[in-house]
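Below, chain A partners chain B and then partners chain C, in two separate complexes.
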Partner chain A sequence: MTISKISEVEFGETLPAFQPDTTMPNVRRFAKAAGWEGGRFTDHDHARKEGLPGALVPGIMSQGFLSAMIHHWAPAAQIKNVDTVFRAPVIVDQVYSISGVVTDIDLDSGRVEIDLTVTNEANETRVFGTAKVLLPI
Partner chain B sequence: MILDLHAHSIKSDDGRAKVQNYCQWIKARSIPIDGFVLTEHRQFDNESDYSDLAAEFGVTILKASEVETEYGHVLVFGVTPALQASFDFGSINLALKDVIKACNAHGAVAAPCHPGRKRVGMSAHLEEYGVPQGVRIVEVFNGGSRDNEDEVAQRMATDLGYLGIGGSDAHIVSHIGRCATRFPGSIHNEAELVAALKAEQFEAVTFREGEA
Partner chain C sequence: MSQELDIEAMKSQFLNEVFDVQHFVADAKALADYAAACGETAPQFTDPSHPDFQAPPTFASSFHAGRRMPENFPTLPGLGMDAGKAVQSIKPIRPGVTLTGKSHMHDIYTKTGRSGRMVFFVIRMEIFDESDTQLASADTSVVIRERPST
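Then we have the complex of A and B:
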């Protein structure tokens, strides 16, 4: 179900679950497009030599996933802000899920705040944050 | 009574949750806690008065602090003006022994939080600094724990004879109440919380998926 205007949103509403494509081919495509082709994002062995647990999904790619999730739920949403706290690395080729819930609504302005959490298969939070979006009134 | 003893609001630099939204969330999602304690980073929030919100939502809202020592982060319950004058809450280099000494002098309780976490948890520093004197309570359930951090905390608590509390360490609204502490009686204010902790009759509980 998608949302088209603010009056359709309920406090506590859960956004449709979203599983981002964090496979190496997709991350390499993103890194190339972003001009971030360093080995820490595109090569597990290179990343491990830098002391990382594996190649990293770039932070801006994770933020892009969060934005994509919001637009899957509300295609007309204007995303004003995605504020993220990276608590642990997001590793390429590992499986992650993104969950989102509505935590504040201003019917007059059309503003909605959404909690966003990126978790791994062990249900551990890797990234959390909030988004402020505007929906048609 | 069940209280989440570790939560952050937008008063903390990395907190993203408004207190009113915590209250709304607890009610909307029937989170099984009776209230929460705001433990803002490196400060005590002297300004905010949440009594109206607490009354409106029927939720207990208390205030404490999370300070930083050489053994990692430490929750301080029962903060008073006298306690605030006794050390710099904003410092990131406090000595745990000084925090505990000040708490003991001013009727407060210090409890290392997420002690199983690397760098900011107590267990990571035991080898370097030894077992600190005066610790009685540590957080053994932390809603933000990853990997085996809670297991490390619980093992340390067992080995060293500490009592365990739980808290969500929520920084966003939907994380409130993931872990908490169950007390046998009612708690209405910070002084009663300190008394309940000193009575040593409580247990850490978790409501995380698959663990409740």
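Then we have the complex of A and C:
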């Protein structure tokens, strides 16, 4: 179910789960578009030579996943702020899921606050974020 | 020997002074690819022919400053790591517009735990269009762990 206006949102509501595309072809596409084509993002061998466990999904791509997830839930949402904390690396070609929960609602202004978490298959948090969005009143 | 940074002195010397100015022009195809790779599906983000086509709301985080820290900034006692990013979207970023990114040190603060003190540096880039209207801001937090006193 998608949300079209603030009155449809409930406090504590969970957003539909979102599984981001962290495959190498998609990360390379992103890296090229962002101008972030360093080997640590686009080549597992290069990243391992730098001592990393594998190529990294850029932090700004994780931030973009959070924004896309919100738009899947509420297509008319205007995303005003996204604040992300990188707790641990997100590795290319590994499987992640993103969960979100509504933590604050202001019916008068249409403002909603959402906590978002990127977790790996072991359910370990890799990225935590908070978003402030505006919905139609 | 203690490696502790003098936080208050750094704040008084470096906060809120613009230390870098860069110019950018966003390309429509790159914006669409950026959005699609992140999983956006709305045509206003993925279709350059859409009448309201614009960058996805977190795009401002992708801009690089020309220098990471202000000139004459003290050498940090450790390797800085990216601790997080925050982006504020004020008005849409459109393709083909010359953007100006002005960076300043927005905050310096510490957190202390069992393993010592960590120092966080928040560098903010504010993005303006050709008429000097602010469109967005993007914060990058860099953290270093200070070596304990011996």
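Remarks
Note that in this section the second predicted complex is superposed on the first by the 137 of 137 C-alpha atoms of A that agree within 3 Å, B and C clash if a C-alpha of one lies under 4 Å from a C-alpha of the other, contacts with A are read in each partner's own complex, and residues count from 1 in each chain.
Everything below uses one rule, namely that a contact is a pair of C-beta atoms (placed from the backbone, for glycine too) under 8 Å apart; a residue touches a chain by one contact, two chains touch by 3 or more.
From a predicted model like this one, the values you see are computed outputs, not experimental measurements.
Counting the residues of chain A touched by each of chain B and chain C gives the higher count for C.
In the superposition on chain A, A:F30 makes contact with chain C only, while chain B stays out of contact range.
Contacts of A:E124 after superposition: chain B is touched, whereas chain C is not reached. In the superposition on chain A, A:V85 contacts both chain B and chain C. In the superposition on chain A, A:T103 makes contact with chain B only, while chain C stays out of contact range.
Chain A residues 83, 85 lie at the interface with chain B in one structure and with chain C in the other.
Residues 11-12, 83, 85, 87-88, 101, 103-104, 113, 115, 117, 122-126, 128-130 of chain A touch chain B in their complex.
Chain C meets chain A in the complex at residues 29-31, 33-42, 45, 56-59, 61-62, 64, 82-89. Residues of chain A that touch chain C in their complex: 18, 20-21, 26-27, 29-30, 32-36, 59-61, 63-69, 71-72, 75, 78-86. Within the complex formed with chain A, the residues of chain B that make contact are 14, 16-18, 21, 24-25, 28-29, 144-147, 171-175, 208-210.
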